[in-house]
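You will see subunit A twice below: alongside subunit B first, and alongside subunit C after that.
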Partner chain A sequence: MEDDADSRRRRYRELLHNITMDKDGASQSQSKLDKDDDDSILPAGFVDQGDSTATYNQPPPERPETIRTRLWVLISAWMIAIFLGLPLWHATTTIYRAPLPMQEMQNWSEGKLCKTEFPLLVEVEAPSLPDAENLLKTVQHALDDANDFTAHKPHHLRLRLAAKKAKSEEDSKSDKDENVACLLRLIPDSQNGYNHAVQSSSRIVDIHYPPPSSSSQSSVSAGLSKFVAETLEVLFWQEQELIEHLLLPQTSNPGSLNALSSQSADESRDKKTPPRPRAATADINRRMSRVVKYSSSYHITFSLFTATSLPASWDIESAISQYLTPLLSALSPISNFTISTQVQYYASISSSVTPTYDEELQSWTLKKEDLSSFINSAEWPLASISNDPNLNFILYIPHPSISPLTIPSASHSNSFLLPQWGGVTILNLDQSASHLQHLSNPTLKPALETFATHLLALLGAPPHPASLPIRLDSLVRQRSAEVLVSASSTLGSLQRLVNALPSISIPTTVSDSVQDSILHLSLACEELRKGSFVKALEMGRVAQEEAEKAFFERTMVAQVYFPDEHKLAVYLPLLGPVSVPLVLGVFREVKRVIAERKRVRGGA
Partner chain B sequence: MDRKCLLVIGAGILIRLVLFTAFPSLPTILAQRVEISTPVTSYKRLQEGIYLFTHGVSPYDGGVFHQAPLLLSLFSILPPSTIVTNLLYVLADVFSAISLIQIASSGVPTVTPHHVSPRKANTWPPWAIAAAFLFNPFTIATCIARPTIVFTNTIILHAVAAAVNGRRGPAFVSMAMASYLSLYPVLLLPPLLFLTYDSLKANSKPSIQAFSAVTMIILSVVLMIYFKLSHLITGSWEFVASTYGVHLLLPDLTPNVGLWWYFFIEMFDSFRAFFLCLFQLHLLIYVPSVCLRLRKQPLFALITLVGISSIFKSYPAIGDTGLYLSLLMLYNHTFPLMRYTFFLAAAILYATFLGPAFYYLWVYAGSGNANFFYAITLVWSIFNALIVADAVYAVLREEHETERPELIGKDVVQI
Partner chain C sequence: MKLANWGSLALLSLFPSSCLAHSQHTSNWAVLVSTSRFWFNYRHLANVLSMYRTVKRLGIPDSQIILMLSDDVACNPRNTFPGTVYNNADRAIDLYGDNIEVDYRGYEVTVENFIRLLTDRVPPDTPRSKRLLTDDRSNIFIYMTGHGGNEFLKFQDAEEISAFDIADAFQQMFEKKRYNEMLFMIDTCQANTMYSKFYSPNILATGSSELDQSSYSHHADNDVGVAVIDRYTYFNLEYLETHVKNASSKHTLADLFSSYDPVKIASTPGIRTDLFRRDLSEVLITDFLGNVQSVEVDGDGMILDEDLLALARSAGYNITEQEWKDAMTGGYHEKTQEERDTVVGEQRTWEGPARVHKHPEADFWRNVMSAGAVGVCLLGYWVFSMIDKV
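Right after this comes the complex of A and B.
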């Protein structure tokens, strides 16, 4: 036994000595040095037996306890990696996707859930007509027939005989019942035959008809009813066209309900012989392209740009309160407005714009293509100061050397509208000194009236009919259709986005916003059906805001540009080197176990 | 403790007092160095916390103060004078030195129940080890800058000193305090357990399972008392998130000598949580491995873990390295077996001088960028890691030679 151990020890020593000898001189001398250093502290029983001739190529076997320690070290490291590392990895990198009502979102975007309709209540006042009820029935029939014929037109007119108390004009004016779209007054008129007159500041439409000759009561009634029906269509055709146009792009797939309805509407339009001018789609597109994006509040900037130092001031405050505030307060159910004004002296127009002198007109004229570059955006301080969409109205006073400056346009207002941006009016002042210092309130009046027209056009109010309240009502309906369409299509886009990109996370805020948006959409839809359009607009606005908030969620889009391959690049640089010893350790242990098995089997 | 020890301690006190009094602006200058003060130890932030605390505002409001509430009560009891504060820090260093002397004179670095070093005659005397601590520039700079890590270090050393003498109670109460103050000493509990167990008298030894169970109970009771006291002092549990949460989640990315700040500035937001977990686990993964492998010399396992956490913890400072280097001096008898002593010493000096220079270039001169300082902290960390690795090599080599005396002086190749 003793012998055995002794000979084994000797063998190892020789082996290791040989290894040392094989190495280069430096390490040899190093080991020599170490040996010299440590000679003094060698264990008592240690005797270096020097070199011997026998060579072996087997390293000394490891002690079982060393192997056990190594195994435990390896196991402990792997335990931490597996039982702590993996769960933490899973918990911190799984993408959280809050559940979204996908089907509902899709249904909204396809217009399945809400059949947009606009029931309009028309009151009829016929004091001098004996069988007004009868007349109404006939007209209603005619309208309903037309409606049936055109399948699902969004508009649905309903007639009602005005209550007696609403007889006088004052009463009907102060009547706060918003549901009444317009009031028809049937007035016998022997001179002019059938015609209608729209009052510009109320919802009253006067219809003149020839007084019935006593002989043919029924023919008068028939003629009258036909005329009333036509009048109503004339009043609302523009709005109707526009809203149909708005609802069109909502349908992404041709099989859905709205697409069908609009198709049939198109067909019916073709079949009918138009008794009144029909706006081409191009015209609607043209008008819609001017309209600024809908917002609950706008900021309006009135700027006076003068090419010289004169005029030095303007009466803009009183002019606005006198000419514009009434319009703005009438618009308040739709949007709120904040106003700022500024004056800029020595403001030159863009250098690329050069007016030419027209001998015929005795004035300097701007070419039509110059108008688009008229705004000197490099030098004029027109940057928006508020978060709301900005509308600019510019009153430009040209230099005396190029005055009078005119623009080639049909109207004489010497102004032009910049789509989605604002309006410009060029004001040519008389060179007499009286005006120059100060622009007084009356001088500003025409300009501000032009601006008011521009404002209505920019907001999207239809140019017809002449009555402002009816136009504003129409604007409310148009805007609510717009927000409904926009909100539902945003929801649809979000739904498609979420489906298309499985790697993006969906935070809870998004699902909350979507829920909120859908809730408000259905509320808006309900309000529309009831005919309270202002409320519908309000609800639709919330729905739109929430839908956009959900769609533009920052944390959601941050992940979009992070494909799975990139994750490898994130993990590997750190985890690769760290895991190499762990993996190799397992490898070596497995190898050792296999070798041992083999040896045991070979020995047996 | 002999005369030499007293002399060394006296000299250590003198140096510190001279630095405090002769250069009155030095503490403020050093306290602003990112290498010395971190968001979780800074004296300036401590003062802010004390001010808020004494004025009845929650000290954790405003997100500046991230230190334990018991420190607040300690400093609010003290008279608000700079001299008293400075003396407290000097005293803490003196206690550390005394603990080191106790550890060195106990002989545990060379003789454990499982291992007797063949070089035990070659160790330095205790006074030399105290001197290596007291005159270490890292320790001195840390003491002058007055970060609260000084107290953590003192308490760790005290815990070790109690453990090598087999006094379990003081050891674990102290280590619990150190963990309470700066979280990462929690990693030192397993080796401390082995160290205490090995130092018990052989005749009255319980089984290791029973011993660790009782120790765990002591530990949790003590920790609960600390937490309850903190709760009483601040009146809310807010401090847990503001102290340990900051250690764990790294909300403050002020540069320091560690590896975390730059990495987490650059990290994609969506992976931040994952890599925070990974970095913390990386520290944890060493604990069982080191304890198992160095089971024969638990003191060295503890020292190695101090070294590893001084490199890889979230807010390291040179005070941590100072503690590691001082503790490493206890194993001076293995230094002849280390392979790169000169190279490592040179590299540490290189990083020490270039670090402040590059920080100056980046922050004050503006002619460098963050990569300058980050590069030097990388160098610093790499060489600290090499020191740890080389020291472990030396100690393992010595163990190996004890087992196989015939292999002394032979090269070892890893297969």
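Right after this comes the complex of A and C.
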């Protein structure tokens, strides 16, 4: 028993010794110590059981097959990590980005791909002029020269003259297909000298000229050609200016901070074109600022707001169909319109508007500041639920106590226009009249005429020349230019966006829409060159819609921004436990191989 | 004080040019966001509702205000005054009155919805009132309040929007020409860090407190039991209520900013103007917080055609009344029917706000891949079991 206890104690002491030596990390000195200090610690004749098995000192040499197995395990683990794990991780975390024709999109936005042209066909009818051909040539020259002189920009109107002396029914029909912009009729007139008269309901422009005296044939034709050129310039000058203005931003790249310099660009433009006064640019700016953005359909709301309960009803439906429908149908190639009407009783104007009584005019007057807050948007139900852009036309009937209510600064009618929003007409009713209960069709006519003018202004039809068809034609051209610019700049925006935000995903629908948009843009461009502007507008409309669809793709919302620390925090708990055994395994194997090599070399 | 004097002086001397500034925008929009939830954040909702009241008072119609209320404190059971929200202990104004239009409410107020609103990447069935339908002639006022920190603002106590997210959204808005000018105002802790990442032009930004500064509440209402308004918003409102009486006010943002007193606010408000083009003393407060429509009166620049309608008729656009009615109503109905169909068609693929859009092709490959992964596992299992047997 005692022996047993003794040996146990001894063993423990030995163990203790080994452990302390291990802690010093001197396994070599341990074996030396084992040999040297054997006698001092252990009694003589003691045979250490552990020595023979070498539990603490050296593991048994590994068998080659176990080494090979371990190697295979290591390699296969790495293989799985690399060939299965990495692709899986990649496939599940990458953001799908459909390929987009980036360069093409950029080119469109910079206006490189489409040299916007508006060739206009002008016909001249000169039955009484012997050398009309000659005259046309001179006029064409004059126009071309003028264009060369003023046009630094590629976008310019080209006027083409086509002479048709003999007018038959068939000819005029075929002309319609060719989109004649206007027809000049040269009429000799001995009384008034040179002047031109625009027929307001057709595209015909009459040019009167003094009949040539037989002696100075050539000088008359020179004078006439100059006058014709001038007339054409006057006819299309406003539209030309406007389209140039529209196309301007297309050439200057609206990059991130370049918009800051847009004012200076405007100024430099003014310098470039000295003949046009600054007032003209201001006028264009003002006209542009009131124009509603183009849309293929608009919603028009006609509202009758009365400060009392009278009049109780109005004949708006028949009035619209009687007076307004021809105009709307004339506009139908450009946009469609839906109409709704409403009547609101006891509608008060906002409290900040205070009419003042003018003794001279015998009426209550509104100043211009009053007008700007006239619309009582807090109380008047003017919000539209339609997704189309809304245009409001309000007929306001003031309270008898402040009637008649007038706007002294308005010269023609008691009305004003709110840019991009609509128009307001104030109607003062004769209190004693019997029609107070009901606004009849004829009473509404002047108001509707005002609204029609407002509508054309809001849609952007140029106020000049007097001919409605020419104005509408020019509206078509202007709108198609606008649509082209808008579509191509949207493409450019999308391109910059895609470049700027790498974390955004781009579904295939976007690339489809972009392709479609580009296709229709080039189609529209072709149609423009051919001179069929309505078709160009149609194509441009599709291009714009597709470009918008691509830009406003719902899934393209940038992912919430994560700082890099966040990403690390997400991946570390996963990658840490996985990678430690893998990396350490490799490390151990490399160490083993190096040790083996050393041993082999030492042996050799 | 000096600053204020200087501001009003500048205002006087630059009066004509402010007319020019008027013509730059044609509409005003406001996006008012409170982001925090729970009853004790009563003051954030009061902040937002106060701003709502102000912009509405100055003429921005409800259709152009996007109001995002993250919680409904008015109807909270703990509210001693049910159905009301007050921003002052005197309880003079019920901000929750009867003419209020909340566009995004409760859990609809999320980072995603906010970004979608700004960039207009909304589902096709989103009503008009929930969309920011602005263009390059719109001025936008964005007011945010909630709990924030260095470059982030917490939404709903669950997620956060970072300064980078907002900056990117604004850049997208700029790219698509969705604003003319923007005023960004934020009342939260370390608010000034939120606008530090902006890089799009024509944005004016102001915040309540610097980095490492907290924004504090102004006072509590003992009957309501919680703080009712934050200091920064309180002093903004004080200025707006006392100086900007109506939409025709000529006070400028320079005046407003010079009225800020860091001692009273208990934090240092920040103003960032480097992206903004105009001089602050030319910028009317109502350029952003009000709705002053520029007006064109007949006669100046616009010629009234007396007989335009008769003209259109004689120009060969004459169709009968019946034809027109048929064309219009028929066309309209057809179109709406089509639209409805397309909307339904698109809805089918859309099953929730956070769902990723589904693509048949991508889905197919995803399925193939998952099937492959399962196959590999089965194969491995089979191989190892064979090895075991051997």
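In this text, the second predicted complex is superposed on the first by the 414 of 604 C-alpha atoms of A that agree within 3 Å, B and C clash if a C-alpha of one lies under 4 Å from a C-alpha of the other, contacts with A are read in each partner's own complex, and residues count from 1 in each chain.
The criterion applied here is as follows: a residue touches a chain if its C-beta (ideal position, glycine included) is under 8 Å from a C-beta of that chain, and two chains touch if they have at least 3 such contacts.
In this text, all values refer to a predicted model and were calculated from it rather than measured experimentally.
Enquirer: Is A:W89 in contact with subunit B, with subunit C, with both, or with neither (first, second, both, neither)?
Expert: first
Enquirer: With the two structures laid over each other on chain A, which partner does A:P442 touch: subunit B (first), subunit C (second), both, or neither?
Expert: neither
Enquirer: Looking at A:T69 after the superposition, I want to know if it touches subunit B, subunit C, both of them or none. Which is it: first, second, both, neither?
Expert: After superposing on A, A:T69 lies in contact with subunit B but is clear of subunit C.
Enquirer: Touching A:L382 in the superposition: subunit B (first), subunit C (second), both, neither?
Expert: The second partner, subunit C, only.
Enquirer: Taking the superposition on A as described, I'd like to know which of subunit B and subunit C A:G576 touches: first, second, both or neither.
Expert: neither
Enquirer: Applying the document's definition of touching, compare subunit B and subunit C: which contacts more of subunit A?
Expert: Result: the larger residue contact count on subunit A belongs to C.
Enquirer: In the superposed arrangement, does A:A77 touch subunit B (first), subunit C (second), both or neither?
Expert: A:A77: touches subunit B, not subunit C.
Enquirer: May I ask you to decide whether A:Y323 touches subunit B, subunit C, both, or neither, giving the answer as first, second, both or neither?
Expert: second
Enquirer: Answer with first, second, both or neither: which of subunit B and subunit C does A:L456 touch in the superposed model?
Expert: Second partner only, subunit C.
Enquirer: Considering each complex separately, which residues of subunit A are in contact with subunit B in the first and with subunit C in the second?
Expert: Comparing the two interfaces on subunit A, one with subunit B and one with subunit C, the shared residues are 84, 88, 558.
Enquirer: In the complex, go through subunit C and note every residue touching subunit A.
Expert: Per the touch definition, subunit C meets subunit A at residues 23, 26-27, 56, 59-63, 99, 111-112, 115-116, 119-124, 127-129, 135, 137, 159, 161-162, 164-165, 168-169, 171-172, 174-177, 199-202, 246-248, 277, 291-309, 311-319, 321, 324-325, 327-328, 331-332, 335, 356-357, 359, 361-362, 369, 373, 376.
Enquirer: Which subunit B residues qualify as touching subunit A in the complex?
Expert: Its residues touching subunit A are 118-119, 121-122, 268-271, 273-278, 281-282, 284-285, 288-289, 292-293, 295, 336-337, 402-411, 413, 415.
Enquirer: Please name which positions on subunit A make contact with subunit C in the complex.
Expert: It comes out as residues 84, 88, 91, 96, 200-202, 256-257, 259-260, 283, 285-287, 289-290, 293, 297, 321-330, 336, 338-339, 350, 352, 368-369, 371-375, 377-378, 382-387, 407, 409-413, 415-421, 448-450, 452-453, 456-457, 463, 468-469, 489-490, 493, 496-497, 500-501, 507-509, 551-558, 560-561, 563.
Enquirer: Taking the touch rule as given, give the residues of subunit A at its contact with subunit B in the complex, in rising order.
Expert: 9, 12-13, 16-17, 19-20, 23, 27, 31-32, 34-35, 37-38, 41-43, 45-46, 48, 59-60, 63, 69, 72-73, 76-77, 79-81, 84-85, 88-89, 92-93, 505, 558-559, 562, 570, 574-575, 578
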